[in-house]
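Okay, so chain A shows up in both of these, paired with chain B first and chain C after.
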Partner chain A sequence: MIATLVADVPRRGLVLLLLLLAALVAAPLLVNDYLLTVLILILYFAYAGQAWNIMMGFAGQLSLGHALYVGLGAYTAAALFFHFGLSPWISLPLALAVSGLVGAIMGLLAFRFGVAGVYFAILTIAVAEFARIGFDHWSWVGGSAGLFVPVANYTQNDLWTLRGSPRMFYYVILALTVLALLVCRLLLKSRAGYYWQAIREDEDAARALGVNTFRYKMYAVVLSAAMTSLAGIFFAFYYNNLFPEQVFTIGRSIELILGPIIGGLGTLIGPIVGAFLITGLAEALHEAMLRIGIDVPGAKQVFYGVCLLVVVMALPHGVWPPLRRLLGLDPKTSGKGKA
Partner chain B sequence: MPALLEVDGLSKSFSGLRAVSNLTFSVGQGELAALIGPNGAGKTTCFSMIAGVIRPDAGRVHLDGRRVDGLRADQICRAGVGRTFQVVKPFAGLSVLDNVIVGALNTHRTVAGASRAADEVLDLLGLAAKRGHPAASLTLPERKRLEVARALATGPRLLLLDEVMAGLRPTEIDLMVQVLRDLNARRGITILLIEHVMRAVMALARRVIVMHHGEIIARGTPQEVTRNPAVIESYLGEEAV
Partner chain C sequence: MPAEIYLNVAVNGLLTGLVYGLMALGLSVIFGVVRVVNFAHGEMMALAMYATVAAFTSLGLDPFLMLVPVAAALFVLGYALQAGVINPFINRPEHSQFMLLVAVAIILVNIQLIVFGPDARSVQTSYSFDSFQIGKLIVDASKVYAAATALLIAGALFAFFRFTILGKAIRACADNYAGALVVGLDVKRLYALTFGIGAACVGAAGVMLSLVIDVTPSLGPAYTLLAFVIVITGGLGSMPGALLGGVLVGLTEALAGLFYTPSAKGMFAFGLLVLVLLFRPQGILGKKLG
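Right after this comes the complex of A and B.
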C-alpha cells in the first residue's frame, strides 16, 4: 500500500510535499492566533474540496449541493452531543452512514432515471434546499433558532469530545487533510479510480469496456458524501453553533467547490493549492481592507467571483497543472520508461 | 464451424423508420467476417444492438449459445464482446496507457496486472511510444488504433470493429490488416468488422454480409459478393467491377 502511495510520484514532488507538511506541523508555533484560524479555514476547505473532488473531479458528477453533507454530518454529531453527550467520534459512523445513505438515495434516483449533467446538479441543489427547510422546522435540533454545542469550561484540550483550543482543532483538520489526500491517492490508483475517470471522460466508452457505470457512480457519490460529512462534524465542534440558514445554503456549497475548481479539477494537489489560494487571498484582502478602514460586506464573495473568472478564462484546468509544470513535476510523456 | 455469434430476426425502428429489419446471420468461432453496405444501411445500428447499447424491437442475439440481447453494454463486454466506436471515443484526458488499462481491468483483478496487459496490447498496435501521452494528443489513425487496443484489452472472444480503417493511409491500412489477421490466427479471436475500405475487406474477410436499407441483400466470399449485381448496383458502383 505504501508502495502504491509513492509509486511514480517524482522524488522532488515528494520532498516538496514533505516540506509543506513539516511547515504545516510547525505552523502553530510560528504564527499568531489570527493566522492560525485562517490556516484552519484553509485546511477545512482543502479537506472538503478533496471530498467533493471525488465526485466531480474523478467521476465527473457535478454536485452543487455538498453543503447538504456538511450539514448532515454537523447536525448528527452536534445533536447527539447536545442531547446525550455523545463523543463526536462515537457519532462519526452514524454521521457517515446518514450522509452516505442520503447520497445513495439521490444517486439511485438520478442515475437510475438518467438524470445527468446540469439536471443532476439541480437535483443536488434541490435536496440541499429541502434539508435547509426541513432543519429550519425541526425543533429537536433547534430549528431556525440554531443548535449550540455546549462550550462549558474546558480548560484543556479534550480530543475525545473535541473541546479545546484552536491549536487542537488545527491539528485535527491537518490530520484529516493528510488522510484525505492519502485516501484519494489510493482511490485514484485503484480500479475505482480508473473507472471513475473513464466515466468522466466518456460514459458510453466506459460501458463498452465493461464498466458498470451505475455502480461506480454510486460509489463516488456515497464516498464523497460520507467524507464531506466528516468536515461537517469538524465544522460543528469548531464553530459551536449551527443554523440551517447558514449551514445548508447554496453559498456554502459554492464556497466548498471553489478550491478544487481553482486548484485543478480531478487532481490530488489541486484542492489543497486552491484552498490556500482562495481562502488565503480572501482573508488577506479582508485584513488589508480592515487596516485601511474599509469594511465592505460581500467583498469576499466578489473576490471569489473574480478569482473564478480569472482562472476559468486564463487557466481552464486550474492553477495546479501549470504550477506542476513550473515546478518540474510533470510525469514524463515519452519513451517506454515508467511514466 | 460452430457459431459464436447468432443474430436472429433482429429489428429496430427509429420513429417509424426501419433501420434494421429482420436481420439474421451468424459468425462462426474463429471466423473473420465483414459487414458492408452503403451509408445508412443499418450496420452500426446492428452493432449497437449486439453490443447492448440499443435495445432491439424484436429478435434475439446469442453469444456462444447464451442469450445476450437485453443485457447492458458492460455485461455484454464481460460476456466476451469487445467493440470499437465508428466515431472514436478516447478518454481524452487520460494517458494512452491508462485508456487501455481501463479495458484491461475487465479481465484483470489488479491494476498492476492490467497495466502489464495494457503494455502488451500497446506494443501489438504500435502505440508503445505514445503510452505516456494524453489520448487527446493522438492523430486520428492513432486514435483508431487506440480504439482497437482498448477493445482488445478487455480480452474479448468476439471483436466488433466499426470502420477502424476509415481515414487511414494505405500503408496504415495494411498494418492494421496485419494486426487483425494475427489476432485472428494466433489468438483465435473472432472478428466481425464494418468496413467501407474494400482493400481491407478483400484482404481480411473470408465471408462478407452485405446490408442495404436494413436488410441483408447478399452474403458469400468477397469474390462472390463483389460480382453480385445487386451489390454492385446498391453499393459498389459500376466502376468497382
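Right after this comes the complex of A and C.
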C-alpha cells in the first residue's frame, strides 16, 4: 500500500510535501491564536474540497449542493450529542451512513433517470435547499432557532467528546486532511479511480469499454457524501452552533468547491493549494480592510467571486498544474521514462 | 375554510406566477439559444428591483415608468456580459461556463449587499393597497397590473421570435450552430443580443415584482433557484413552458402557504422540481432530450 502511495511521485515532491506537513505539525507552537483559527479554516476547506473533488474532479459529476452532506453530518452528530450525550465518534458511523444514504438516493434517482450535467447540478442544489427548509421546520434539531452544542469543559481537551481548545481541533482537522489526501491518492490509483477518470473524460466511451458507469458514479457520490459529512461533524463541534439558514445555504456549497476549482480540479494537491490561496488571501484582505478601518460585510465574498472569475478565465485547469510545472514536479519532465 | 379563500389564494398565486414566468422566460431564452445556464439570473433580477426601488424612493418615479429604462439597462448588462465574458467560453466544458456565471452571481449579490445593506426595501405606490372585487373574489390591483404587463411582454417576445428577421436569425443559431455560421450569421453578436434580451426580460420581471414583494440581497440566489425550478418544470428552452412553469410554481407556492406554512413554500417548489426531473426530465413542454 505504501508502495502505491509513493510510486511515481517525484522525490522532490515527496520532500516538499513532508516539509509542508512538518511545518503544519509545528505551526501551533509558532503562530498566535488568530493565525491558528485561519489555519483551521484552511485545513477544513482543504479536507472538504478533497471530498468534493472525488465526485467532480475524479468522476466528473458536478455537485453544487455539498453543504447538504456537511449539514447532515453536523446535525446527526450534534443532535445525538445534545439529546443523548453521545460522543461524535459513536455518531460517526451513523453520520457517514446517513450522508451516504442520501447521496445514494440522489445518485440512484439522477443516474437511473438520466439526469446529467447542468440538470444534475441543479438537482443537487434543490435537494440541499429542500433539506435547509426541512431542518428549519424540524423542532427536534432546533428548527430555525438553531442547535447549540453544550460547551461544558472548554478548559480541558477531551478528544472523546471533541470538547477542547482550538489547538486540539487543529490537530484533528490536520489529521483528517492528511488522511483524505492519502485515501484520495489510493482511490485515484485504484481500478475505481481509473474508471472514474474514464467516465469524466467520456462516459459513452467508458460504457462502450465495459465500465459499469452507473455503479462507479454511485460509488463516487456515496464516498464523497460520506467523507464530506465528516467535515460536518468537525464543523458542528468546532463552531458549537448550527442554523439551517447558515449550514445548508448555497453559499456554503460554493465556498466549499472554490478550493478545488481554484487549486485544480481532479488533482490531489489542488484542493490543498486552493484552500491555502483562497482562505489565506480572503483573511489577509479582511485583516487589511480592518486596519484601514472599513468593515463591510460582503467584501470577502466579492473577492471570492473575482478570484473565481479570474481563475476560471485565465487558468482553466487551476493554479496547481502550472505551479507544479514551475516547481519542476511535472510527471512528464521528472518521470524516469515511464509511459 | 370557505371555498373563496382557496380561490383567492389560487388567483393571487397565478398572477404572481405570471411574473415568475416572465423572469424564467429570460433564463429559458438564454439557455435555448446560447446553451449557457445563467446562474446570475436572480441576482440580475434583484438588481432591477433595487433600481426600481431606488428610483421610487429618491425620485418618486412610478415603477411602471421604470419598466423601459431598467429593461434597457439590463439589456446592456446582459449584452456586455455575453460579449465580454461568456463568448470566449462557448467551446469550454459545461461546468466551466457554469462556474463563470457562479462567479458573476457571487459578485453581483455581494455588491448589492455592500451598496444597499441587508434590510428589505419596498415600493409603496398610491395603488399598493387597491384591490378589485369580483363577486366574492378579491384580487390585489398591483398583482393584476404586474401580471398583465408580464403577459404583454411575453407576447411581444413570442412575436419577435416568430415574425422578425432578427428573431428568426436567433432561432437559426439555436437550431443549428454550424448551419447558422455557414449562412453567414454573426453568431457571437446574435448570442450577445440574445443574452441581452433575456436580461431585459428578467429586468422587466424585476420591476413588476418590486410591486409585489420586498427586495433583499438574499433574494437573488433564491430567485435564481426559483427560475431554474420554473424552466426545468416547464421545459428548458421552451418559451410557453416557462410561462406555464411560472404559473405552476406560483400556484404551488401560494397553496403550500395556505395549507402548510408560508416559510415552507420553497420546499414544495423544489419537490415539484424533483418530481419533474425524475419523471419528465425534459420538462412539461420541453422537447425530448437529445
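The rule we apply is simple: the second predicted complex is superposed on the first by the 332 of 339 C-alpha atoms of A that agree within 3 Å, B and C clash if a C-alpha of one lies under 4 Å from a C-alpha of the other, contacts with A are read in each partner's own complex, and residues count from 1 in each chain.
Convention: a contact is a pair of C-beta atoms (placed from the backbone, for glycine too) under 8 Å apart; a residue touches a chain by one contact, two chains touch by 3 or more.
The shown structure was predicted, so the numbers you read here are calculated from the model rather than taken from an experiment.
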{"item": "Partners on chain A (chain B, chain C) - clash or fit", "value": "fit"}
{"item": "Chain B versus chain C as contact partner of A:137, first or second or both or neither", "value": "second"}
{"item": "First, second, both or neither for A:80, with chain B first and chain C second", "value": "neither"}
{"item": "Partner chain(s) touched by A:115 [first = chain B, second = chain C, both, neither]", "value": "second"}
{"item": "Touched chain A residues, chain B compared with chain C", "value": "C"}
{"item": "First (chain B), second (chain C), both or neither touched by A:21", "value": "neither"}
{"item": "First, second, both or neither for A:210, with chain B first and chain C second", "value": "first"}
{"item": "Chain B versus chain C as contact partner of A:189, first or second or both or neither", "value": "first"}
{"item": "Cα-centre angle that chain B and chain C span when viewed from chain A, reported as a multiple of 10 degrees", "value": "80"}
{"item": "Touched partner set for A:38, first chain B, second chain C, both or neither", "value": "neither"}
{"item": "Gap in Å between nearest CA atoms once chain C and chain B share a frame through chain A", "value": "12"}
{"item": "Chain C-touching residues of chain A, taken from the complex the two chains share", "value": "56, 62, 64, 109-110, 113-115, 117-119, 121-123, 125-127, 129-130, 133-134, 136-137, 144, 250-251, 254, 261, 296-299, 301-302, 304-306, 308-309, 312-313, 316"}
{"item": "Complex contact set, residues of chain A against chain B", "value": "189-191, 194-195, 197-198, 200-202, 204-213, 266, 331-336, 339"}
{"item": "Touch list for chain C against partner chain A, complex", "value": "37, 85, 88-89, 92, 94-96, 98-100, 102-107, 109-111, 113-114, 118, 217, 221, 225, 228-229, 232, 261, 263-264, 266-267, 270-271, 273-274, 277-279, 281, 289"}
{"item": "Residues of chain B defined as touching chain A within the complex", "value": "51, 53, 72-74, 77-78, 82-83, 85, 89-95, 97-98, 101-103, 105-106, 111, 128-129, 131-134, 150-151, 153-154"}
